[in-house]
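Below: a set of structures, written as structure tokens.
After this come two complexes, each holding chain A, first together with chain B and then together with chain C.
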Partner chain A sequence: MSYLELLKLASPEAIVVITALAVLTIGLTTGREAASATVSTAGPTRNAGSSSSTRSAALCSFVAALGLVIAIGAVLMLPRNATLFGGMLVITPLTSLFKIICIALVFFTLLLTTSEKSLLHPGEYLAIVLLATVGLMLLVGSEELLMIFIGLELLGLSLYVMAAFDKNDVRSAEAGLKYFLFGSTSSAFTLFGISLIYGMSGTTGLAAISAKLATASVQPLLAVGVVMTLVGFSFKIAAAPFHLWAPDAYQGAPVPSAAFIASGSKVASFVVLGKIVLVGFAPVHGSAAWHGMVAGWSPVLAVLAAFSILLGNLVALAQSNVRRLLAYSAVAHGGYTLIGLVAGGRDGFSAALFYTTTYAITLVGAFGVVGFVRRDTGGDDLSNFSGLYSRSPLMAGSMAIFMLSLAGIPPLAGFFGKFYLFSSALRASPGHGLLWLVALALLGSFISLYYYLMVIKFIFVDKRAEPEIDHRLPITDHVLQKSAISLIAAAVLLLGVMPDILAAQILAAIP
Partner chain B sequence: MVGMITAIIFIPLLGALAVWVWPQRNCRVIALIFNAISAACAMGLWREFDATGTGMQFVERHAWIPAINAEYLVGVDGLSLLLVLLTSLIVPFAFVAGPTPGGRGFDATMLVMQSALYGTFTAQNFVLWFLFYEMSLIPAFLLIKIWGGENRDRAATKFFLYTFLGSVAMLLSFLGIYFAKGTFDFSALASLGKNGLLTGKLAWFAFAGIFIGLAVKVPLFPFHTWLPDAYQTAPTGVSMILTGVLSKMGVYGFVRLLLPLFPNEIKIIGPWLLVLAVCSIVFAPLAAWAQRDLKRMVAYLSINHLGYCMLALFAVAASPTVTANIDTHAALSGVFMQIFNHGITAAALFYFVGLLEQRRGVRGIRDFGGLMQRTPLLCGWMSVAIFSSLGLPGLNGFIGEFLIFKGAFAITALFTSIAVIGLLVTAIVFVRTMQSLFSGPLAEGCSAFPDLLRREKLVLVPVTLLMFAIGIAPQFMFNIFNMTVVHMTRLFG
Partner chain C sequence: MTTTLQAFLIVSAGLFSIGLLAALSRRHAIFILIGIELMLAAANLNFIAFWRFAPQPHQPTGVMFAIFSIAISAAEAAIGLAMVIAVYRHYHTTNVDQFDQLKG
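Moving on, here comes the complex of A and B:
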């Protein structure tokens, strides 16, 4: 194994790291003065539009976007299959596909960042975003517990900083702190679980663990290890009852950070969680069928899914802030996705991955609209969305598409996502054993319809709530952001009408 | 002619796009042009349609989502063609109705809904069908929500939640069927259904799910409570489409899905279904009697008219003994006629209510009176629509209702006799309405009414002529669906 070969196989990661450093340098050399000048006059009269800082931000964004595009190109150049250091870095069609998906999600998140005025030091922010991207790629591209943990930590630490990046907003600080405290606790859980599993099996490679576990019987120690690992990941994907950080992080963090947490981070977490349970823990699958529960990880995930669906949907009903609402609905969607993993097998895994991907795309778009509304009206409560239709029909239409897709209305992507999930769950269990979970999820999506309709109601109808907003002129700039959001909306529609363009890719990539 | 159906489905979508990018003020004209194109395609389909064939025609089949066995499979038989023609007729009719809010958003949304309707009536694979079925829901919701009258929020949300709950139940049932049988193809499922598709509890769950989904859509008593609010609040044009075409999606679903798929289940609980149909027929006009709002009244009567369709369908499918083919044939022909006739007549009634509302500003029954003195033409033409609705011989409504009662009476005399009460009450409601609107002293606020304008006459003359044509010489309608009826008679007999 020569280092040159390693560099070749890890070229996408290397490119993103180099881009991060480049962006950091550009930010430091061009934007520093202007940014510090802005800090000194910070407060209500903050004027972030000083030309040199804007130019610096634009340059940084451009370089970062360029780096991501090159990274996607590098992923496409990778060989189909390769394994380095016993699974520390693997390249399979699946990892390549999801590296591309993660990078594309980050790319769209970056487009949202371009017009985010509240972020001082855009260079540093973008550098951290890129480092988090490396974390995503490592997570996706590893089949070894230690490397997965390193990826998790890199991602997590970057996200904590991203969540707390808006120094002028106390909510952002709160979001960062809460996320950090919960996240580090969850890391401790994960590490503890991993160490127990390592102790039992003597290896950290997923395939090797699976082979070892197949011969061993289920011991209490192993059960503790498995559950601990799952608990750690439940924090990451915000499954109830480990979701407590999510509402504050979604609401308080700067909009692009929240979009990142909700999209890229979620997709990568599900990919790696799926690999751990379906590859590493395959022998202790267990069963979550109604009358035939068998101990293993799948009943644990089933219970988590049921909790998440119920709690997320019911609490979301009571929210008056759109970002909080999205956070609780994210809990519920995490629950739906878990159903795919519980079902297991190639079908279930691909359904879960399809679902989480379409969900992530939708949420990036939704957060784009939230950012738009926030700049336009100064807040992101439901009342701030009132009359959006008359101010910007395009944004209103896109948001309606996102909400309806989340609710699972055909012909949008969310519908086929749910369709795949539920059908794979019903098919996976003999005698429809998972019917209880599917019925619960259907009930949940019916409840969810109410609050998604609520958002749409505010967008389209209520103009009276905040009359002073109505007189504001429709915002005409941010062409880039608007076109990005409409592009995402079109993608959500396309994935609903022709889901096979993504679903077939995912299914083919899963061995 | 392969590709014709796809063209019909996608032309309105193109129209929606064109309306969206076109300058604001011409959008209605653009919408109507696209309506004319799709109507021309539908007429072409009718011309090429082989009236002697029983199966699906113009079938197009492409792979779509292989992972779940979903195909892009469209085709028409007599019933589908009938509904495609109805859609082509009602949508432009609705576009010219007033008072309709302008704006390209409205027109584009209407066109999207039209496309979904064409899709629903031609899709022959459940997944595709469901996609279109739900796709019609979003535009309808938005049309009520954005352009509706007072209480639109409540009405739109109620409409959406009700229909969506029904759809979820239906989807779950179909998943169950899919895992048992491995196909979503309507014709394959129908031929499997003859021997019982599912067994035991599962069959009943699946039946209940599909039944609820469709019963909400029709709507059948007691699933109708969303309807008066939605119809009342929606703009006139949207009410016309809701009652003229959207409610037919439910009836179509019953004919295409529920009856062929669950013959045994329906035989067992048939009497109860007939009770529901009779309740729809009898209670709805009683409720209409009590209404003070013209639109709400017409909405309730709409439930009654669809109740006739349900009565005949359940009678045919649920008859415990093997019935004579001739009765089944009559009842089914009646149902198909009624589907078409009610579409025209109810839409025309809503159109007239819209005309009155446009002139007066309100639409309470008490707000009008003595209209005959000032606007004899309006009253005369409206009377034609009303008489057609209550089934006067010589007008289109009579043909369908007569055949339904003729067929159903031979099969279940008891239920049909009770249903006759509904006919009577409907007549009372209509005649009372005519009395208070048209005769008596001229109500204040009605003195400055203009009579029918020229463009209104242009719209009404062809519609009324069609009512007479079907009423006097209905054979050209029967030709469309006769072989389909024969085929279905064999299926149920």
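Moving on, here comes the complex of A and C:
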């Protein structure tokens, strides 16, 4: 194994890191004086210093976007299969596919960033976004616990900073700190769990752990390790009762950060959680069927899923802030996705991955609209959305598509995702053992219809006096963002009508 | 008297519990941070102990894991303290109970 070969196999990650450094340099050299000008003239004359600041931001975004496109190209150039250092870096069709999906999600998040004016240092922000992207790619492309932990922490630490990035906003700082405290407690749990798994199995490669578990009987210490690792990951995917950070982080963080937390981070966490439980812990699967519970990780995940679905949907009913509403619905959707992992097997895993991917795409779009409304009206409560239809039919229509897809209305991606998920769960265990979970999920979907339709009602039905807009941005600033959001809406529609373009890819990629 | 693996595990479990207790019960953000660091240290102790008492200790997996996680927890502490300062600038307190702008 020469270093040159290693560099070739890790080229997508290397490209993103280099882009991050380049963006940081550009931001530091061009944005500094502009940013200080903006600070000193803060207030009504804020626009004075912003022309060169906008130029610097545009340059940074362009370089970052270019780097991501090149990284996608590099992923496509990778060999089909390769394994380095006992699974530390694994290249399979599955990891390549999800690296591309993660990079594409980050790409759309970047498009949202271009119109975010509250970020004073765009270069630094984008550099951290790109480092988080590297974290996503490491998470997706590894089957070894040390590498997974490093990816998890790289992603987590970048996300905490991204959440707290808006220094002038008290809520951003608070969201960042809360996210950090919950997140690092959970990573301590993960690390302790991993240490126990390492101690009991003597290895950190997922395949080797699986082989070890299959031969030896399960010791109590190992069970503790497995459960603690799962607790750590439940924090990451915001499954109840470990979801407490999610509403605050979604509401307080800058909009692009929240979109990143809800999309890329979710997808990568589910991919790696699926790999850990279905590959690493495969011999201690257990069964969550109602007529034959067998101890293992799947009853644990089933209980988490049930909790998440109930709590997420019921609490979302009471929310008046759209971002908090999305956060609680994210808890519920995390629960739905877990059903796929509980079902297990090739079918269940691919259903879970398809669901989480379509969900992530939808949420990036929804956060795009939230950012749009926020800039237009200065807030993101439900009341801020009233009359959106008369102000921007395009945004209103896109948001309607996103909400209906999340609710699981037929022609949209969310419906097919749910259908695929629930049918794989029903087929997975003999005698429809997971029926209780599927019934609960269907009940949850019915409940969720209420609050999604509530958002749509505010957008289309509620009229209100045109708000006095004190600071409208030039229309050209919106074009990129608007076209990105419409593109995402079209993708959600397309994935609903022709789900096979993604579902078949995922199914084919899973060995 | 020879030290056994069990002794190390008991110490690390105790350390982890103390850390978790601090993280959950303390109201001061810095103390929560200290609790988290204790939990990470407990995990590191586990890695080293398991590596030391493993049947074939020539594979340095456990030590490697511990070294990486020490570096990571240093980064975590740096970001945590920066975050506490950022919040302190707004609230002029580090009592987590008083951070109440976000709720519902």
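The definition used in the following text is that the second predicted complex is superposed on the first by the 489 of 511 C-alpha atoms of A that agree within 3 Å, B and C clash if a C-alpha of one lies under 4 Å from a C-alpha of the other, contacts with A are read in each partner's own complex, and residues count from 1 in each chain.
Keep in mind that, in the parts below, a residue touches a chain if its C-beta (ideal position, glycine included) is under 8 Å from a C-beta of that chain, and two chains touch if they have at least 3 such contacts.
The shown structure was predicted, so the numbers you read here are calculated from the model rather than taken from an experiment.
In the superposition on chain A, contact of A:L388 is made with neither chain B nor chain C. Taking chain B and chain C in turn and counting the residues of chain A each one touches, the greater count comes from C. Looking at the shared chain after the overlay, A:F422 reaches chain B, while chain C stays out of its contact range. With both structures placed on the common chain, the touch criterion links A:T203 to chain C but leaves chain B unconnected.
Looking at the shared chain after the overlay, A:T185 reaches chain C, while chain B stays out of its contact range. When the two structures are aligned on the shared chain, A:I100 is found in touch with neither chain B nor chain C. Shared-chain residue A:L84: touches no atom of chain B or chain C.
By the touch criterion defined above, A:P247 lies against chain C but remains apart from chain B after alignment on the C-alpha atoms of chain A. By the touch criterion defined above, A:A164 reaches chain C but does not reach chain B.
Across the complex, chain C is touched by residues 146, 149-150, 153, 157, 160-161, 164, 167, 170-171, 173-178, 180-181, 184-185, 187-189, 191-192, 194-196, 198-199, 202-204, 221, 247-248, 251-252, 318-321, 324 of chain A. Listing the residues of chain A that touch chain B in their complex gives 389, 393, 400, 404, 409-411, 415-416, 419-420, 422-423, 426-427, 432, 438-439, 442, 445-446, 449-450, 453, 456-457, 460-461, 497-500, 503-504, 507.
Interface of chain C with chain A (complex): residues 9, 16, 19-20, 23, 29, 32-33, 36, 39-40, 42-44, 46-47, 49-50, 54-56, 61-62, 64-65, 68-69, 72, 75-76, 79-80, 83-84, 86-87, 89-91, 96, 99, 101-104. Residue ranges of chain B in contact with chain A, taken from their complex: 64-68, 105, 127, 130-131, 134-135, 137-138, 142, 145-146, 152-153, 157, 160-161, 164-165, 168, 171-172, 175-176, 178-179.
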